[in-house]
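Two complexes come next, and they have one chain in common, chain A, joined by chain B in the first and chain C in the second.
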Partner chain A sequence: MSIAFGNPDRPNSYIGKTVPRPNITKLVQGRGRYVDDIVLPRMVHVAFVRSPVAHGKITGIDIEAAKTVPGVLRVFTGADLAEVCTPWVAVLAHLKGLKSPPQHPMALDRACWVGEPVVAVVATTRAAAEEGAALVEVDYEALPAVTDTMTALDKTTPVIHPDMGDNLAFRRLHEEGNVDAALSTAHKVVTASFRTARHTGVTLEPRSILVDWNPAEGQMTAYHATQAPHMMQTVFAKHLDIPESRVRVICGDVGGSYGIKVHVYPDEVATATIAKIMGRPVKFIADRLESFTTDIHARDHEIEAKIAVDAEGRILAIDVDDWTGIGPYSVYPRTSAIEGNQVVNLCGGPYDFANYRAQTTVVFQNKTPTCQYRAVGHPIAVAITEGLVDMAAAAIGMDPVEIRRRNMYRDDAYPVTSPAKMRFEGLSHHASMDKLMEIMDYDALRADQAEALKQGKRRGIGIASFIELTNPSPFMYGIGGARISAQDGCTVRMDPDGSVVALSGVTEQGQGTEAMLSQVVAEGVGVSPSKVRVITGDTQVTPYGGGTWASRGAGIGGEAALQAARALRSSILEVAAAMLQADQGLLDIRDGQIVDTQTGETRMPLEELGRIVYFRGDTLPKGLPRELVQTRHFITMDYPFAFTNGVQASYVEVDTDTGVVTLLKHWCVEDCGRVINPQLVDEQIRGGIVQGLGGALFEEIHYDEDGQLLNGSMADYLVPMAAEMPDMVIAHVETPTKESELGAKGAGEAGTAGAPAAVMNAINDALRPLGAQVTEMPFTPERILRALGTIHD
Partner chain B sequence: MKASVGGYARASSLDHALQLLASAEGAGRVLAGGQSLVAAMNMRLSTGDLLVDISRLSELSGVSDEGDTLRIGALKRHADVGRDALVCAHAPLLAEAVHYIAHAAIRNRGTIGGACAHADPAAEFPACVLALGATMHVAGPHGSRAIPAEDFFEDVFATAIEEGEILTAITVPKAGSGEAQVIEEVARRSGDYALAGLCLVKRDAGHRVSLFSVGPKPILATGAMAALDAGDLDGAVAALAGELDPPSDTQASAAYRRHLAGVLLRRAVARTEGGKA
Partner chain C sequence: MTEMFRDKVDVALTVNGEPVEARVPAGQHLIDFLRQTVGLTGAHASCEHGVCGACTVRVNGEAVRGCLMLAAQADGAEVWTVEGLSDSAAIADLQEAFVARNAAQCGFCTPGMLVAAEELLSQGGLPSRAEIREHLSGNYCRCTGYEAIVDAVEDVARARGGEDVARARGGKGAA
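Moving on, here comes the complex of A and B:
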């Protein structure tokens, strides 16, 4: 029996409704349990001495003074840890040519970025450890720092890792059709360069880990703020030479991740290594400065791109040359080539066109390593694509909405394969655009814009269509050799009191995964969500799974939960049928009661069934299955990824005297397939938009030429804050994926994907009459004025 | 990072505070609202301080009407400055400035004395007291001194307060009838330190223009003031560009700040003339 999603009045209709988050009371009452809340007997703290230079040979380390600090127990160098922990190399077989040198938990003889851990000081308190760290003396012999992406491959630029031959980490060229021919014969060709700034995720809770090694049991337990506990289990096991079964990763409450906490960090592996050496629980909590210098960075891209259109505005070709600098190492195990690879995969995404060329060039530098951060590559690809489309529209005098309508895949064109060779199962670009026009009242907004101009106010409207990659299959990492699960599982059991426990391999980072799971399981079994307890984030307890990344929690973890719940429902009904001597097909479970499907009449509460099964099983027929625990796994098979789509719009006002951009309003229509919890989805979209707006207007990590990070604090790295955020209107089109019964695709990254492009286009819409255009993010007041030619030197 | 503090003592009176400072042999550090100092300690930019907590000293709090002047205790918190009836009536510049300073939580703790003693070149209050022509009162082991605001701010985070001294109060001349006081600034986000900011006081005696976040300390733009007195706004904007040597940093270049100063001056003048900016 399938679920009648179309009928909102069906019994147990929790899927599709806003139900309260089961963990929210705990979190707002301060009763969450984050890693830093955990205190274990004999626990010690580690603080790291980090490289103050971007590139330097370590010529001497003096730890004697540190050892005299009261409370300091041990001081470790990179060499000490290398005896216990093997190095890793972050490459994936399917990213052909990707190279990266072996990386150790702490630098051995050379530091390669400002912030790289060099010495670890372990003490009874964090303060004592820091006190000791301040007294460690490390001598460096300066080596030339490579900081500029575009010249990293020049002959005159020093090679960071001489063994690698050059500074090229990865390059991929994708060509489809005949781009040169299209460019040379097109009605119009528009060329532009774009730049997206280096960002980092700035999670509210910094990276946190507490590792306990129990030699008596031969077991390592890591309490870890991570998105992927099972992946970390493998990593610790492999590099610390412990059987995988003897590593337990527990991930309790997490204060935001955004992709930052899905990677392997040298200092976290160092913490685990030290725990193994000392046989004591060791805690490491990154402070904010450490977060800025060591959390992965992202989005540092420079792009030259072209679009060719015919006189009717049809896109003939898109040509993209993308460059990015990733720091000195590709980040383990997902690698730092994925972001550039995504740019190649995603440019031109919404549009039906024939000739496409895109190349990404990924180079090493002496800066903090970059890796996957919310909406990996999407904000870049969408900025390039939507920037070009707007410029083409302007060049031929066409409305930006019209040019998109002429080029977007028809809503009945699916399944279809894009020029980037992405396969789309079913998207709704036109329906989404229609809905956007309706909710923003496009024509009225254009009238308002014209009216404002009469009063000297420069306002602009920006549109950005996008696609988003969600629900990844093993094509993302597994085929490249990484032990990262694309499959996820859920175990659902009914206890004697009729309540339900769901154990899931996807994880809660604060985004509401547990709420999603509770309502899916509630509907699947037929109980109220308050009767469902959700357990996630414990490798020894939950089914094996991938965790939180690439917007997969609801689409993959949700489907596994639904199937497990449905299976449990069946086994409950089988027992019920025997007890009631009824036909199983005529019984249902509604709100915790066995009922007659036809009449809805209550036959028996689940508690009664639980009592019989668990305590009076003797009264049931011999041989009757009574398995009130069911596990199901789900993996996508038909498509490598479930793409979603959507379109955003931004309305801005630009103060052409000061260069300040004010965000007036923002809209997003988004199609994530089945919406399981409208409020959670809308919050994800809003939060994602906020992060995208941060990239558009505020966020930028600055380095000087020597590779010194210049703005490692919340005062200098500007995250978007409430006062600057516009009102946001969110709406949905629902095109469920046919790969699952649930039909859900991901929703967590769409906001971030499209927002920067929408703002860029809005600003340029405002500036166009003045002959100015901005393409370098963030669009600071100064960049606006420079584009306007107001300031020169 | 964990702060490394040398010690802490809460002063029970101004004399007690001065004694504590004197006995600290140079390591003493006044703690008022803690909104700059504690942040610096938490980044270990300041270590080993013997903190002398003055936050409970009633001698340093309150606002009083002294006839031609208003006396504002150094411990007056930003939020209280903003809603104080005397300040709103007689030194509206200070009340308006509060809206630009940080966020509510910080305004609830930070003190006007702390802001002036800290002398961040991007802070609003130092520029305000300079534009108002205030007098800064400090007490030390050898008695009290009154320092004109013009002489008080010396450099980045440096003032005329000497070792062992405490800023006790600020007196500002009460606004005359018809006097206009406005502050204009542009920051990347609300509550951020300004990219550039400007205070304009228009009195019978003439204009006073001060700027913040455009140099190592708040700057009195005497050239622009003279031009404004002569009724020459364009001349004032031009003079301003000449008398500023702003820094470049990750948020904005010197050229941007110089340009912005001119824009702010025009907007401030427009407001004092009753027009909209």
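Moving on, here comes the complex of A and C:
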């Protein structure tokens, strides 16, 4: 029996409704349990001595003074840990040519970025560990630092890893059609350079891990603020030589992730290694400077791009040359080539055009390693694409909405394969654009813009259509050899009193995973969501799964939960039919009661069925299955990814005297397929938009030419504050994926994907009459004033 | 050891209405004292520079950064944290509004955000959305984008002022 999603009045209709998150009440009472809240007997703390130079040979380490600090117990060098922990190499077979040198938990003979861990000091308190760390003397022989992306491959630039031959980590060229011919014959060709700044996630909870090793049991337990507990279980098992069954990763409350906490960090592996050496619990909580210098960075791209259009505004060709610098190592195990690869995959995404060329060049440099951060590559690809489309529209005198309507894939065109060879199952660009026009009242806003100009106010409207990659299959990582699970599982069981427990391999990072699962399981079984207890984030009890990444929780984990819940429902009804001497097909479960499907008449509460199964099984027929626990796994098979789509709009005011951009309002129409919980989806979109707005206006990691990070505090690296952010209007079109019964696609990254481009286009819409244009993010007052010619060097 | 160079300081204060006496390291911040010594882990240490507000607690009636105040400075003070404000039901309506509006995602900023919001609400009147945003700008949230938090605080301000919030909100957010 399938679920009649079209009928909102169906029994147990929890999917599609806003129900409260089961785990939010504890958070508002301060009763969350984050890693740093956990204290274990005999627990010690580790602090790291980190490289103060971007590139240097380690010529001497003196730990004697540190060992004299009261409370300091042990001091470890990289060589000490290398005896216990094997190194890793972050490459993927399907990213041809990607290379990276072996990396250890701590530097051995050479440090390659400011912040790389070099020495670990373990003490009874964090304060003592820090005091000890301050007394460790490390001598460095300076080596030349490579910091500029665009010159990293020049013959005169030193090679960071001589064994690798050059500073090229990865390069991919994709060509479809004949771009050069299209460019040479087009009505208009627009060329532009774009720049997206180096960001980091700034999770309010810094990276946190507490690892215990019990040598008597051969058991490692890691309390870890992570998005991927099973992946970390596999990593600790592999590199510390422990069977996977003897590594338990527990992920309780996590204070923000956004992709930052899905990677393998050397200092976290070092913490586990030290726990294994010392045989006692070791805690590492990054401080804020460590967060800035060692959390992964992202988005540091420089792009030259062209678009060719005909006189009617049809896109003839897009040509993209993308460069990014990833630091000295590709990050394990997802690698640091994915972001550039995504730019190649995603540029031009919404549009039906024939000639496409894109190349990404990924180079090593002596800065903090970069890797996947919320909406990986999307903000870059959308800025390039939507920036070019707006420029083309302006060049031929066409409205930016009209040019998009002329080029977006028709809503009835699917399935379709894009020039980047992405396969789209079903998208809704036109319906989404129509809805956007309606909710923002585009014509009225244009009138307001004109009216404001009469009063001397420069306002602009920016539109950004986008596609978003969600529900990844093993094509994302597994086929490249990474032990990262694309499948996910859920176990659902009924306890004797009729309440239900669901154990899922996807994780809660605050996005509402547990609420989503409670709704899906409640509807699947036939109980109220309040009767469903959801357990996530414990590798010892949950089915093996991938966790939280690439917007997969609802689409993959949700479907596994639905199938497990439906299986439990069948098991319950089989027992009920035997107990009631009824036809199983004529019974249903509604709000915790066995009922007659036709009449709705109550036949038996679930707790009575539970009582009989668990305590009076002797009264049931011999051989009757009574398996009130069911596990199902789900993996997508038909498409490598389930793409979603949407369109955002930004309305801004630019003060041409000060260069300050004020965000007046923001809109987003988004199609993530089946919406399971409207409130949670809207809040994911809003939160994602604001992270995108941060990238558009504020966020930028600064380095000097020696590779020193210059703004390593939250006072210096600016993130959005409440006062600067606009109210956001969110709406949806629903095109469920046919790959699953649930039909859900991902929603967590779409906001971040489109917001920067929308703001860029809005600013340029405001500045265009003045002949000014900005394409280098963030759009600071300085950059605005430079574009206006107000200031120059 | 002279008074000037003493590295441990005796303090006596009330925390969430209960007397607490302790000998604290002179350099220990209030947030670390509350979390590590008193066992109140609701407020969090995050930026350690007084920027993000995750460590905000109430000291002598004012919202204070727990990472900028030393435990030794709290001698004689009356300190309230989210745990005590929960147990006393002093901010129950605000907490309910945060739940209804999903104004917390990861929850790490929330205890500090609640203390800051209550400071504004306790001043009475009906603050504008811009005033709410301004008041909360010392409390960073990386998850929500702030709008739900502003909505929740606005709802409570209206409700405390006697308005029918469900009607004012017009069905937005929570069903």
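Keep in mind that, in the parts below, the second predicted complex is superposed on the first by the 793 of 793 C-alpha atoms of A that agree within 3 Å, B and C clash if a C-alpha of one lies under 4 Å from a C-alpha of the other, contacts with A are read in each partner's own complex, and residues count from 1 in each chain.
By definition in this document, a contact is a pair of C-beta atoms (placed from the backbone, for glycine too) under 8 Å apart; a residue touches a chain by one contact, two chains touch by 3 or more.
Because the structure is predicted, anything quoted here is derived from the model rather than measured.
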item: Broader residue contact with chain A after superposition on the shared chain, chain B or chain C; value: C
item: Which of chain B and chain C A:Asp287 touches, first, second, both or neither; value: both
item: Chain B versus chain C as contact partner of A:Asn711, first or second or both or neither; value: first
item: Touched partner set for A:Asp793, first chain B, second chain C, both or neither; value: first
item: Partner chain in contact with A:Val660 - chain B first, chain C second, else both or neither; value: first
item: Chain B versus chain C as contact partner of A:Phe698, first or second or both or neither; value: first
item: Partner chain(s) touched by A:Val202 [first = chain B, second = chain C, both, neither]; value: second
item: Which of chain B and chain C A:Leu785 touches, first, second, both or neither; value: first
item: Partner chain(s) touched by A:Gln679 [first = chain B, second = chain C, both, neither]; value: second
item: Touched partner set for A:Ala127, first chain B, second chain C, both or neither; value: both
item: On chain A, positions contacted by chain B and by chain C; value: 127, 287, 713, 715, 720-721, 723-724
item: Of all residues in chain C, those that touch chain A in their complex; value: 25, 27, 35, 40-49, 51-52, 54, 81-83, 86, 95, 98-100, 102, 104-111, 114, 129-130, 132-134, 136-137, 139-150, 173-175
item: Touching residues (chain side chain A, partner chain C) in the complex; value: 17-18, 20-21, 24-34, 36-37, 127, 201-206, 253-258, 287-288, 509-512, 678-680, 682-683, 686-691, 713-715, 719-725, 727-728, 751
item: Of all residues in chain B, those that touch chain A in their complex; value: 1-2, 4, 43-44, 186, 188-193, 195, 250-253, 255-256, 259-260, 263
item: Contacting residues of chain A [partner chain B, same complex]; value: 125-127, 130-131, 134, 287, 289, 657-660, 698, 700, 702, 710-711, 713, 715-716, 718, 720-721, 723-724, 780-782, 785, 790-793
